[in-house]
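Quick notes on the structure that follows.
Labels run A, B and C following the written order; every chain starts at residue 1.
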Amino acid sequence: MFSLRYLKVWVGGAILLLLCVCGVAAPLLAPRDPQAQTLEDRLRPPRWNENGSPAYFLGTDNLGRDMLSRIIYGSRISLIVGAATVIFAGLVGCTLGAIAGYFGRGADEVVSKISEIFLAFPFLLIAIAIMAFLGQGVGNLIMALMLSRWVQYCRVVRGEVLSLKQRDFITAAKALGGRDWYVLLRHVLPNTFASVTVIATFGMAIVIITEASLSFLGLGVPVHIPTWGSMLSEGRSYINRAPWLTIFPGLAIFITVFGINLLGDGLRDIFDPKLRRQR
Amino acid sequence: MNTLGRRLIGAIPVLLGISFLIFLLMHIAPGDPVTLLLGDDATPADIERTRHEWGLDQPLIVQYYDFVNRAVRGDFGKSLKFNESVTKLIAERLPATLELAFASLCVAIMIAVPLGVYSAIKHDSLFDHAGMSIALIGVSLPNFWLGIMLIYFLGGQLNLLPVAGRIEYGVEVKTLTGLYLLDSLLTANFAAFWNVLQHLLMPAFTLGSALAAIVTRISRSSVLEVMRQDYVTTARAKGLSETNVIWRHILRNALITIVTILGLQLGALLSGSVITETVFSYPGIGDLLIQSISARDYKLTQVLILMFAITYFVVNLLIDLLYSWIDPRIKF
Amino acid sequence: MRTLIDRRSFLKTSAALAVSAAAGRYVQRNAYGASLDRVTIYHTSVADSINPYNHSSSPIYGQWQHVMEPLVELDYKKQDYVGVLAESWQFQGNKWTFKLKKNIKFHNGAPLTSKDVAFSIEKMRDEKGGSLQASNFKDVTEVQTPDDLTVVFVTKQPLAIFLDRLENRFILSKVAGDKFGDKLYDNPIGTGPYKFVSYQRGGNMVFTRNDEYWGGKAAIKEIVFRKVTEDAARLAALESGQADFINNVPDHEVARLQKHPRIRIDKIEGLRMFFLAFNMAFKPWDNKLVRQAANYSIDAPAIVKNIFDGIGYPINGPVGANVVGADPKLKRYPYDPQKSKELLTKAGFPNGCDIQLYYSAGRYPKDREVCQVVSAQMVKGGFRVELISQEWALFWDKQGVNGGKLPFYYIGRGSLTDADTLYDQYFRTGTTKRTNYSNPDLDKLVEEQQKTADQKKRIAILQNAGKMIMEEAPFIPLYNLADIYGVARNLVWKMRPDEKVLGWDMSIK
């Protein structure tokens, strides 16, 4: 259980768990109100710097708000948005992709048409349209990101299923009298797991980064909700004067993405049935 | 050939559907191009008059009919914001984006495929871990931020590369294809080639980095996947040399997934171009799209998105054809 | 042994040389500053169209003004209009008569005549052809050209403020118009100090010196404008010498750049006035006491000091000190959250009052920060503020500001040189729905000054209106910001408050 093979899962899981704890217990962990402005203390460097103040461990931003508290609170939105998008997009995409790939013909035709329509829209456009129509908000952001992400799962699962369908063990399973749905769920889908995990882990990372890009274009979540993405995009113009405004949110994003990827990698190694057989 | 024809015909309703959807979306979404264009001084009467002048007070369905009717005859109308025919606007900017996208793709493939494949072959080695960590950094950086950092350090502090645009004023390229790199090579104008390349380096790296990271991961994982297949074991058992196994069996099969991902990433590449072009003031269609959306320039936005749709459709059609070439077992 | 070390150091040196040669500096040409041959300007706003009438934006007026000139121009020092192409003018009844200067020649050699003026105005009124400046002539019924140097504008009713509408209305050559027809705008021929060279959308807009300019030759030979909207890119270009001149330097970069050996920072109070507008159609803003309370709760000087590093000009009274019609005797509401709470209690909100503040994030400098500070200040004054950001297209549209749908919003009015513009557009009954403010007394004053030709009398009326507006408090005036330019140290230029960057006002030290 504690072999090197599981190390990735443990480390990645620990990082993700830590983040979840941060998000849930933000009010308890954060030393200050992330919204409280102290204009006299604006742009204070982190504590270990010579001008740093012990009151602000990671320094303050351009409105004199505590960076540490904002980063702790920021994990909430990043995690909620990331997880919700991946789950919804993954469910929708995998289901449609598997149906299209396995049953082919009519089902494939319909799903491919729909996915073509969605793929034709650059995701930013979907996001901009939804944000403009419904206004800013976490829910709308998740919706926008989901609509732009599900196609990825759909296409890859479809491609994999198409290829798997031709393989001997599927033909054998069918020949042995397995019903379509049974074969699909028991034999085909588990074999797509590796690719889906890879896409999902990267998907989550991309979602977190997309949130930042939307902030860059002035969309995204309302300003009073601190997110890593908006901190990064607002802090960018202070790169000379106060680099910590971009370094810490950037690090937060990096560590999160790193953790998620590690977890995904490890999970794939464990769950991949063929891998288990081999080793 | 039959399949190809069927798919091309099948695309027509999709494109019509897309165009109507965008049309509806744009008109339903709040914001009026006239109010935006006229600015601070406009009174409601001015705005109404201009709307009438441009036919924006017509019922939606009439406007849409008008659009399709003209579009079929090749007339896509005039952009309100730029006061110029949509066709001309796109024509003058499309080559820039193609050049950028192609350069980014090259950057990504040149870095990613060798890195990914080698990492897989040297599975669990130090190289593998280092390679994957680099890939991770690649995806963890939002590309607007990466672009700005490059501008700040390479452009501003070190003064190595130009920070904006496609070419320096005063450097002339004779336009043949509109792709400056190609044009300058064809006319043997190496000074211009160098200048264009310098302008292209930072945007292409910015746009290509995320793609490179993804492709590295996917190449690695699909090579790993293939390496575990029975036919690879069989090939090895037959006593084929390792190089032979890698080239003939592993790479060829792993290519399917890699190619799919590249096709899928085209959308991301075009989306990414929106941000990259904005950051680098690069005069391409991504920048044009953002400007036209924020000005609510209906016709221009409409045609631009249709164009994205068509590009995407064509590329994926090519990819599907590639599939059956790489793996003859896949049929449609 | 000795030779070995020598060879090593030789190898090291040559390697270092090779690296630095390969990674050569991008800009060598003007590493020490701008030159007389060419000044490269990276600007946030450059023309989107080759049609010079297809916009209504001050920086872009400045670009076209290199090639074409207006009849009159506002002199910011004198606070009055001076002739450019016009020698003199006369206002009588519903007629404005202009005498043109003699011996002015277009770039194609043709002399300037009244026909060119009539022709250009026809082009400006051509909305189908893409002009966005037509509304300036909506009150003009006829343009007469009794002789070659006289132009008469006949208006529906006496129009004292017509000079304001004629500013930035540039004159093109009719001879060129007849020659080029549809291609007129590809070949803009004016009378200006520079000739048009080339324009690429999203690329460069280039002008070259007109050596026969009637007003004297400019110093700089070539002017290149390029649109660069990202702050970091403009800054990097300036620091590396890729650009000689940039606009919109972020204020938090000013201190650092002032120490730069090759860069100078130039600041001037801008013409954009920032304020928070109430919409009287919404509660509680129909109540004057609440509006006054809000005025007491805002500390504009603190915003300028902390958000803009002190580079800004808090407004005393309803308009900034440089605006025509400003009243130096007026003061802004002092910052007094206690007083705000008292007024709220008096107005029937003893437990505070819920309000929503709208703004369009990214539209104006640091608008996110400003609005967050504003809401924090208002909370201290007894309000409970919800901040709502909308995309500009939505914010400015008929579902937003211009439809009178936003109760309370942060906005900036650009090119504000005359108090009339603000009073007419925001506070006069029925001009726009932006505040839905209606006060017959104020309407009368605004109307009266628009008919008054005597500038001194007109200013007195505007000052009266200003007093009324301060008492009624239909908005919270905040500040004007500085236009901050980054310039190569050896480049000298005349700063202007209207965001125009003019090549013939530049020279090299």
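We take it that a residue touches a chain if its C-beta (ideal position, glycine included) is under 8 Å from a C-beta of that chain, and two chains touch if they have at least 3 such contacts.
Note that the structure is predicted; figures quoted are calculated from it, not measured.
Comparing mean CA positions across the assembly, the chain most remote from chain A is C. Two chain pairs, A-B and A-C, are compared here, and A-B has more C-beta pairs in contact (counted per touch definition above). Between the Cα centres of chain B and chain C there is a gap of 36 Å. Mean C-alpha position of chain A lies 22 Å from that of chain B. Averaged Cα coordinates give chain A a centre that lies 42 Å from the centre of chain C. Residue positions of chain A touching 2 or more other chains, listed in rising order: 132, 236, 239. In chain C, the positions touching at least two other chains are 232, 391, 393-394. Under the contact definition stated at the top, the residues of chain B that touch 2 or more other chains are 30-31, 148, 152, 278. Residue ranges of chain C in contact with chain A, taken from their complex: 231-232, 250, 252-253, 256, 302, 306-307, 361-362, 368-369, 371-373, 376, 387-391, 393-394. Residue ranges of chain A in contact with chain C, taken from their complex: 37, 39, 42, 62-64, 131-132, 135-136, 218-219, 222-224, 234, 236-241. Chain contact summary for the complex, chain B toward chain A: residues 10-11, 13-14, 17-18, 21, 25-26, 28-31, 136-137, 139-145, 148-149, 152, 210, 214, 217-218, 221, 225, 228, 256-257, 260-261, 264, 267-268, 270-271, 274-275, 278, 289-290, 293, 305, 308-309, 312-313, 316, 323, 327, 329-330.
By the touch rule above, chain A contacts chain B in their complex via residues 109, 113, 116-117, 119-125, 128-129, 132-133, 151-152, 155-156, 159-160, 162-163, 166, 194-195, 198, 202, 205-206, 209, 212-213, 216-217, 229, 232-233, 236, 239, 246, 250, 253-254, 257-258, 261, 268, 274-275, 278.
Against chain B, in their complex, chain C makes its touches with residues 23-27, 40, 42, 48-51, 54, 56-57, 127-128, 130, 132, 135, 138, 200-204, 206, 224, 226-230, 232-233, 235-237, 239-242, 391-394, 396-400, 402, 413-415, 421, 425, 431-433.
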